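Below is the structure I would like to discuss, written out as structure tokens.
Every chain is named by a letter (A, B, C, D and E) in the order it is written, and numbering of its residues begins at 1.
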Amino acid sequence: MTSSPAPIPGLTARDYKSEVKPVWCPGCGDFSVLSAITKALAELKLPPEKVSVISGIGCSSRMPAYMNSYGFHGVHGRAVALATGLKLSRPDLTVLVTGGDGDGFSIGGNHFLHACRRNVDMTYIVMDNQVYGMTKGQPSPTTEPDWDSALSPGGTGLRPFHPLVIALASGANFIARGFSGDPNGTARLIVDAIRTPGFSFVEVLSPCVTFREDQRGWKKIVRPAPVDPTEDIGRAARRLMTDDGFNLGILYTGKRKPYQLRLDAVEEEPAALETQFVV
Amino acid sequence: MSKPIAIGSVAELLAHAKAMESEALERYLDLAEQMEVHHNPEVAELFRKMARVERKHVEKILERVGDKDLPHIPPWEYQWLGEEAAEAISNEDVHYLMTPHHALTLALGAERRAFGFYTRVVETVEPGELLELARELMEEEREHVALIEAWLAKVPEPADDWAEDPDPPLLQE
Amino acid sequence: MTAKDDETPSLSIALTGSGGAGVITAGNMLLDAAAKAGCYGLFARSSGPQIRGGEAAAMVRLAKEPVAAPGDVFDILIAIDWHNIDRFAVELPLSTESLVIADPSQGEVPEVIAASGARIAELPLKDLAKTVAKGRPNMIALGVVAGLIGLPDEVADEVMARALKKRGDEALAASRDAFALGVEAAGTMSFDGPDLWTRAATRERWIINGNEAAGLGAVRGGVRFVAAYPITPATDLLEWMALNLQRLGGALVQAEDELASINMIIGASYGGTPALTATSGPGLALMSESLGLAVASEVPVVVVDVMRGGPSTGIPTKSEQSDLNIALFGLHGDAPHLVLAPTSVSDCVFTTQWAVTLAEALQSPAIVLSDQLLGQTRAIVDRPTDIAFVSQRVTADAGAGEVRRYALAGGGVSPMAIPGAPGAQYTADGLEHDERGLPSSRAGDHVTQLDKRAAKLDGFDYGNHWAEIEGDGRRAVVAWGSSTGAVREALARLGSRGHEFRLVSPRLLAPAQPARWTEALEGVERALVVELNHSAQFYRYLKGYCDPPCPVDVYHRPGPLPLRVGELVAEIEKWSRS
Amino acid sequence: MTAKDDETPSLSIALTGSGGAGVITAGNMLLDAAAKAGCYGLFARSSGPQIRGGEAAAMVRLAKEPVAAPGDVFDILIAIDWHNIDRFAVELPLSTESLVIADPSQGEVPEVIAASGARIAELPLKDLAKTVAKGRPNMIALGVVAGLIGLPDEVADEVMARALKKRGDEALAASRDAFALGVEAAGTMSFDGPDLWTRAATRERWIINGNEAAGLGAVRGGVRFVAAYPITPATDLLEWMALNLQRLGGALVQAEDELASINMIIGASYGGTPALTATSGPGLALMSESLGLAVASEVPVVVVDVMRGGPSTGIPTKSEQSDLNIALFGLHGDAPHLVLAPTSVSDCVFTTQWAVTLAEALQSPAIVLSDQLLGQTRAIVDRPTDIAFVSQRVTADAGAGEVRRYALAGGGVSPMAIPGAPGAQYTADGLEHDERGLPSSRAGDHVTQLDKRAAKLDGFDYGNHWAEIEGDGRRAVVAWGSSTGAVREALARLGSRGHEFRLVSPRLLAPAQPARWTEALEGVERALVVELNHSAQFYRYLKGYCDPPCPVDVYHRPGPLPLRVGELVAEIEKWSRS
Amino acid sequence: MTSSPAPIPGLTARDYKSEVKPVWCPGCGDFSVLSAITKALAELKLPPEKVSVISGIGCSSRMPAYMNSYGFHGVHGRAVALATGLKLSRPDLTVLVTGGDGDGFSIGGNHFLHACRRNVDMTYIVMDNQVYGMTKGQPSPTTEPDWDSALSPGGTGLRPFHPLVIALASGANFIARGFSGDPNGTARLIVDAIRTPGFSFVEVLSPCVTFREDQRGWKKIVRPAPVDPTEDIGRAARRLMTDDGFNLGILYTGKRKPYQLRLDAVEEEPAALETQFVV
């Protein structure tokens, strides 16, 4: 290590980062998402040990290791299910799920659907780069139909998956879109997402500079959503259905009660169950 | 074009100044680390150097702050003209094969943004202690801009194939 | 009395009927009443593919001693009707000494039944039922059986009263009347069975099935979180858990699929709550990727696989021991973990509790291989003893200095920080990692972590619980899981004929225990593995992982028919002459 | 010349560097050029966890004879820089006879390298590159190597011209100049290596990696439909298929996950199109439930598992032979199927083609166990011979009277009607079924269908292809898959020292071949299994499924480091004295 | 076999039924769905051997065996993927997928999402009885939150999954709802579904009389959808989002081109690929 000045003391975003150096490509949007998350946690003043960050596999799913909270780098596509088990049994923890568009919408699509529906109180942050970064550039569900790649020469020809619409249709309680190029704005969305009870979904457009150089141009396209967040699900549906994917901000907030287990109901001993068997 | 700036007190301005310099410092440290991980030692060292400079700036601001209470401002409520703390280089603007020239160009952009920020404050606030402070800070940034300009002039321009990597990306998990 | 002198005195009774005939209810009541009258026994059922109104057989075996396998032949078969009887006639072996009671209105006794040469008694069950207001043939049948076997009246009455409490006095009266008609009818038939009634049980007796027993074992072991997806024949276990966990401050979550359920329990356990799921073969297959995650990230979880006929969807409602291979070897990479098998219905309590304890202590996934036979057989058993295991999960204390999640000390078990503990944060990982949990592809880290994960399982002292070993013959029979019961009884029968055998029934199947296997076969000339599958899975496993001190043979066949004592006696005798 | 007399004359060269240094490109060009100059060889690479700009090593071995394993030590190591060299220093063994060429501007030669005692030559690669317009250090390095090993100039030129065709004349000129500088610099160094250049190859030579080879084998076997989900290190195979199937009137579909991909290929194959997927351990685990469906419904499919370090996510970019267990036993129930392993890079063509043929002929899923080492090593090989297998899927002719999809005739292979054929409609089923395919839970149907599915695999005549058996010693070494190459060379080296060994490398791993295994070990005193995994999986399998005619030992260790010839020579020598 | 009158000669619905007797409970809606499907096929005059019916596991998934076409009774949740492989490689066949709400929306949810998106030309008929019939009455994704059962005592508390909305949001090209009590109307929907290119989704409300006695009352609740089918995705979204689940008819038809493989492009021999390897 070359000599370098010590960081500023005090509870800042940096206190939520670990000592591990990211292997992400310089320029990758995920760095800024890391910033946004840690800023949000600092803002919420959550003790790092009360936060758990759960992920699957992918570049974006490397997130937990770079944070100073508890983490679980699980298997590809199953992060949301893993986080559900954790949060349901440990309602005292703040549970975040971080991952990519492949992890979350391709192999993990079913858990995404059902997590929205189940509405457990956690925040799911998807770094959408419309590609499988980790495995070297295959199309993901959010990729444009004509994006050429070795696995789909000439493009997939498939209609891109629209995560926000699916989230809405399946019952997520908070739906927002951020952009890694605006880490402070994204931090704000994450703060709101964490504060909103129930399943909060934040899609963060996060360029893959290695396989999607073109995404460096996103910063010129994104814009704040032209209208305020709505609670009306029908209106939200119509709006999102025709959304071009570049409107930023909170797009829907609901008031559905989160799903919780009644873990504190009765607390008998197992022996109490035995009478049912006695002859 | 640029949005109005709403900074109403010396404390608020100092809070901005502190956030700006410390975010710049953090970012340079992060970027230096990134360059080390990606084996670009030259640029890594340059970023570390920038970090050292920013560290001094932070200290200077802290001196000014003294035992004044600064307001807590959530990250998204700072009055930056762009997305991030004016003096921080954007994570998205770097490249693993970037040259010192690129790095300094980015640093220059950052200093210019900082200068632009204070200029905007100077243009917006009422005369008084606040304006004085803003002006001072603006002048400091003007110096930084000049410093980096001079520095940049001494660094060779990148070759046109600077971003060329003969090897393909490496596949992982 | 049909039981030969060397046989455990017992009575096997089958009731068949379909389309709401109520034979399952009657069978259950028979077992309940018999239990109250002081005897041991079993109740199993078989049915057609229809969800409702299908043909069904209730199969009850009653005995003075605990029994764990169906009888060789049925002493009494009472048929309310004969619909599709040929579908499960093979499950209803009869002999010339059997008594078949048939309703002449249901047509001729079918050839598959008549061919046995059993005595046939005719009884117009349906018509008789009509003579009682709201009378049902199944209650008449129950009365007939009670009369034939001499079941004390008062216990039957107690059981009817309890079963029909909710249905009101009228229903109870109808049942009592029908029952009485049956008892009366029995008086006209001759039947000679052993006397099994000794009301005074010395120890507390339970009626429980293996699915409930596994559930009870799980909660005794500390399980408070279950996530699962329903699948036959594991669903009852889950339903038992759903209801009973509520009383313990725990809960069950129905997941969207098995991929979710295994990950949910990994998440819960990582958060500090002992967690379990139950499934059957197809579900276990879906869980195998994430079981590997539990191995690599060292998170304890328990999966109860209630086996059914395979492969693929196979025969969902019938038993087989054919998931041993996938349980032992179904994970990719070198992924050591625990596999256990309960040796009887009531042992489901102990084995599941032990599995939870071991999983927690060793930070490893554990698979418990129950099966449809254990899971869905209701048995009268002595109350399973309480065991309080001492070992438990080793957690990292907060502030104990640097915490290395995957530190190599402690025989491979490293203290595990539970989220919430300050200063001990780490990231659990399925990528290969170093001691701190950071991803590593270095050869050194890989081999040390592989060694650690294998060593913690291999080095643990499993004590005597690893197997049940009984008898002392020069020949040994090795059985596992649900086969143990039939083998035990077969050996007892052979024993009373003067042939002594050793029974070895390992409860701990993985990690492999070559030293203990060898020791268990010490002094044995020849051993026979008995199991209910097509490819002799345990036999292959034993040979692959151990150099047995004696030649080993195997008797195996696939389900869906359970192993019968008589079948085994014949096979073992033949083998012992080899 | 470093090769000892008993060693295959060869040269091992490593180029290291990072962050766009271009060592992978240079390594590939070296192999290409060497191939043109008439020699055999291999190219493998190793790299850090970064996607871009990470540290990398290009490892080339060149030889007069075909080689299939890395050399024991590198003769030449040329480092453009030393970044994180300690991460893979263990992959770069050096001896005192090695030549290390280092750029002094990159700092001291790191201790891990210097400690080998290798000769160090300094060469300012970066500075030299700057003396050429657009010059790159990797081309200088290539020139140095070419100069040292005497690579004929014209082949290097040919290769550069081809590689840089797209980049224009300027780029080519820059490369040529840089290359020339390197050659010149080599002139100042002393290096003594074997002469490998004999331009006139007698047979057509190919450069191919195992993933491409498996793809070619698959299409030769008739595969025209692929559905898959990307995963390292199988992705290249899929990418090759995506591009090349287009030319054959076939296609690849990217599925949403592995559960979908296995089901898609089952669907395609049921429709009559030979179909394949490729994956690695985690994906194989996800496929196991549906592989069971293919077994039960008797639909041929091929799954190529390009193995990587396990368990769980493990070490995705490195090789290991640890998925044998899951491939053999990862399906629930009794589910016999085919498992094969190619014995070399070029054998991936044959084995995959054979796997497709067998799957089709036997209406069974086949798993091909390739691994990262085979899959991603580029090798110079003799053109694999064309084989046209005669057997193929037996289909039911339309109108041939009643068609029983799962009829018991034909050694277990029943004619399979292809949708579209009139009069032969049936429903394929994963439920146990009778001969007509109708669901059945009868014991008779279950056992006959289980027997049928086992018998069709056990009874087939696999001919000589089942294994490669070479040599005739009293001691045998048994290897499988990618380990075969290193073992073969080790035995050759031992052979030239006068110790004769038999090599047995089974290509067909399942169904188990106890008779053939025994025959292959006939006359052998003692055998040694060699494999790259932690739990000695093949060794256990062999013991479990065969009574070998001689004592069998095992040498095994996990990845990620490949087995080295020298390591094996030492181990085998030690063992042969035991 | 008891003697019974011979079927009417000519190509009728009966010609599409097999000899196998359904094990369904008398009263189960699935009988009528079988009728509807066979009537539809008769109407379309499709030769039975050119039709393949693919299913997973569940009562409703038993369908293929009761039909005289080709069939595949696969594993739970994977029917749509299996059918995709078949149809893509055999574009000449008419491919139907039949199954239940558990099979399709719980374990099979991800394939449902991606099949809608992929838009392969096939027809997916889900017999929705809002319960797992085959496994004896557990709540499915479409079950009401307060439906009491042994596995979820007191109800799941979860928002029901809305299959039609998800189908629309993820790109299905034809979306309709039928009712088993109206087999002729359902046959008509199926005819239109098969005729419409691309992925057609038909939800058929099909009562489970054994575990959901209450569903016998559906016949009083269902009604034709009050407005005509729309091609406007935004309007359809809004309409479906607030639909109560009992409007019958075609609810959306799109014009998206089905996904097909170019299988007939070039037809070289494998030997032609070898040049790429030659030194």
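Convention: a contact is a pair of C-beta atoms (placed from the backbone, for glycine too) under 8 Å apart; a residue touches a chain by one contact, two chains touch by 3 or more.
Just so it is clear, the structure is predicted and the values come from calculations on it, not from any experiment.
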{"item": "Touching chain A and also chain D, the following chains", "value": "B, C, E"}
{"item": "Two chains sharing the most C-beta contacts", "value": "C-D"}
{"item": "Greatest separation from chain C - chain, by CA centre", "value": "B"}
{"item": "Inter-centroid spacing, chain E versus chain A (mean Cα positions, whole Å)", "value": "32"}
{"item": "Geometric centre distance via CA averages, chain D-chain B, whole Å", "value": "50"}
{"item": "Between chain C and chain B, distance of the C-alpha-averaged centres to the nearest whole Å", "value": "68"}
{"item": "Distance between chain centroids, defined by C-alpha means - chain B, chain E (Å)", "value": "58"}
{"item": "Contacts with two or more other chains, residues of chain B listed in rising order", "value": "37-38, 96, 168-173"}
{"item": "Junction residues of chain C - those touching two or more other chains", "value": "49, 246, 256-257, 282, 289, 292-293, 297, 312-313, 429-431, 439"}
{"item": "Where chain A touches two or more other chains, by residue", "value": "23-26, 57, 59, 73, 75-77, 106-107, 109-110, 113-114, 134-136, 141, 210"}
{"item": "Those chain pairs that satisfy the touch definition", "value": "A-B, A-C, A-D, A-E, B-D, C-D, C-E, D-E"}
{"item": "Residue ranges of chain E in contact with chain C within the complex", "value": "23-26, 57, 59, 73, 75-77, 106-107, 109, 132-136, 138-139, 141, 150-153, 156, 210"}
{"item": "Residue ranges of chain A touching chain C (in the complex, touch as defined)", "value": "20, 47-50, 52, 54, 64-65, 68-75, 77-78, 81-90, 92-93, 110-111, 113-114, 261-274, 277-279"}
{"item": "Chain D-facing residues of chain C, complex", "value": "49, 87, 90, 281-282, 284-286, 288-289, 292-293, 295-297, 309-318, 320, 322-323, 325-326, 328-336, 429-432, 439, 441-444, 446-447, 450-451, 454, 533-535, 537, 540-545, 557-561"}
{"item": "Chain C residues within the chain A interface of the complex", "value": "32, 35-36, 201, 204-208, 212, 216, 219-220, 224-225, 227, 244, 246-251, 253, 255-257, 259-261, 263-273, 275, 289-290, 292-293, 297, 380, 383, 386, 417, 419-431, 438-439"}
{"item": "Contacting residues of chain B [partner chain D, same complex]", "value": "37-40, 96-97, 159, 161, 164-173"}
